[in-house]
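Okay, so subunit A shows up in both of these, paired with subunit B first and subunit C after.
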Partner chain A sequence: MRKPDAVFVTFIAATPQAVWDLLTDKARSPQFFFGYVMSVGGAAGEPFTVTRADGTPDVAGKVLVHEPPHRLRVSWDMVAMPDVPTAELEFLLEPVDDVVRLTIRQFDGGPISDSFVEAGREGWSLIQASLKTLLETGRPLPPIKPRPPQ
Partner chain B sequence: MSDPAFVYVVYIRATPARIWDALTDPDQTEKFWFGGRFKTDGARKGSDLELWSEQRGVDFTGQILESDPPKKLVWTFQHTREPDSLDGATTVSYELEVMGDDTRLTVTHDGFLDNSSLRRGVSGGWPRILSSLKSMLETGAPLTRAA
Partner chain C sequence: MDMDPVFRALADPSRRALLDRLHTENGQTLGELCEGLTMSRQAVSKHLVLLEEANLVAVVWRGREKLHYLNPVPIAEIADRWIGKFERARVKALVDLKRELESDDEKA
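Up next, the complex of A and B:
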């Protein structure tokens, strides 16, 4: 099994089902995805998309693995950057003691620049922090815009 | 060859001052840091430090290298039971930046040997500790069982 190029781990006081429901809820996604709309198809093979608040498509892909409430894997193409090779993202939700360990694993499609590595870390760190706050407090984190790759 | 630094970024709905206090006050670290009391002499530069708990005794010792409250704290980390730490201390830094109504806390743990078992250990530990810190500051309740 291939090693991920980046891993982001957080622990959330919730059930795997509650984390899964939020992660796949298009209507609530702007609250944890810095205002973007994330749409996750309901089965493997269906579309996966991320759309900016102004309607511009940001990410296009497909659902590769759909195993509620423990594992979601999607392909990830940056719409405006066709030169960036297709990546894959995997979300693992595991019960640990009384909480959930959310692991986001990023598999790059090829070498990417340091600014992309940094942008990925910023973006996923912010998304997982927002998911955690929303699930634990019922309120989103006050909005922060991620820094775009240079 | 040596292993890369472990970097963890967490956004917390709290001020840098509140996060700084939580990270440097043994009464607060006890709640989110596996029951450990982070003991220093006021988190001042040059101060010795240790993480102590009744269950495990001293987990690690070190010294504060740089202290700029509430923005930056750099300290050495020498684990008392990991063989890797016998080769020398690793270094931990906390950096706190205001981001609107949130604070970004970046924890960087560096100075590992090649294929470091210490790095594997802290890579599992920091996400739990910092998740519990975030819960404690945002909800008043740390992740009791997880940290």
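Up next, the complex of A and C:
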């Protein structure tokens, strides 16, 4: 097995099916993907795309592995940055007791810049946190709750 | 989410140093992580268990090799709890500004 370049893990109080349904739901994807629309084809070989709110294509790729509700793997090409080598992203949904461990593994297509590494870290962390909040509370992001001074 | 294990794990400077090493080079074995450290292999191993339990370190097995990855998600979850959607961009701008100014200081 190839060594992943980055790994992101969160535990979500939901079923693998509920996580899979949200992850592959184009209509709900802007709620956890910074307002972008993520579209996941329904079988291996079908297109995988991420599109900005204004309709600009951001990522083009293909579904490589489609095993609902446990494993999804896609190829990832930055449309506006042809110099960035094609990456692959794998989503693993495993039941642990009565929750789901959601793992995202990132396989870079070659060396990428530090700013890209940082952007990926920040982006996937926030997407995972948003998925968790959305599934557990039904809200896209928690409202700010300032605590009164003691 | 129970944040206590995350804060407990982050409270120790040795564990923060291990996270720094994974931040620089992700996906290391225990042996690689121990290189150049004054801590014993046993101590590093104990710290890694606590980091794993707090989900700050994610593990990938490749054959018999156990690879350790920095998992930033619990920290994002903490940010999600106290930083709102619209404030995030401003906080990030401030952090970037601070980093920029401090790196200039270092050069001077």
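Rule of thumb we're sticking to: the second predicted complex is superposed on the first by the 141 of 150 C-alpha atoms of A that agree within 3 Å, B and C clash if a C-alpha of one lies under 4 Å from a C-alpha of the other, contacts with A are read in each partner's own complex, and residues count from 1 in each chain.
What we mean here is this: a contact is a pair of C-beta atoms (placed from the backbone, for glycine too) under 8 Å apart; a residue touches a chain by one contact, two chains touch by 3 or more.
Predicted model only: the values in this text are computed from it and were never measured.
Using the contact criterion defined above for the overlaid structures, shared-chain residue A:Leu126 touches subunit B and also reaches subunit C. By the touch criterion defined above, A:Ala44 lies against neither subunit B nor subunit C after alignment on the C-alpha atoms of chain A. Touch criterion met: A:Arg105 reaches subunit C, while subunit B stays clear of it. In the superposed model, A:Lys3 makes contact with subunit C only, not with subunit B. In the superposition on chain A, A:Ile12 makes contact with subunit B only, not with subunit C.
When the two structures are aligned on the shared chain, A:Asp97 is found in touch with subunit B, with no touch to subunit C. Touch criterion not met for A:Val84: it reaches neither subunit B nor subunit C.
Residue contacts after overlaying the shared chain place A:Thr137 against subunit B, while subunit C stays out of touching range.
Of the residues of subunit A, those at positions 9-11, 121-122, 125-126, 129-130, 132-133, 141-144 touch subunit B in one of the two structures and subunit C in the other. Those residues of subunit C whose C-beta lies close enough to touch subunit A in the complex are 1, 26-27, 55, 58, 60, 62-63, 67, 69, 71-77, 79-85, 87. Residues 7-13, 99-102, 127-128, 131-132, 134-135, 138-139, 141, 143-147 of subunit B are the ones touching subunit A in the complex. Residues of subunit A touching subunit C in their complex: 1, 3-11, 103, 105, 121-122, 124-126, 128-130, 132-133, 140-144. Listed in rising order, the residues of subunit A touching subunit B in the complex are 9-13, 96-99, 121-122, 125-126, 129-130, 132-133, 136-137, 141-144.
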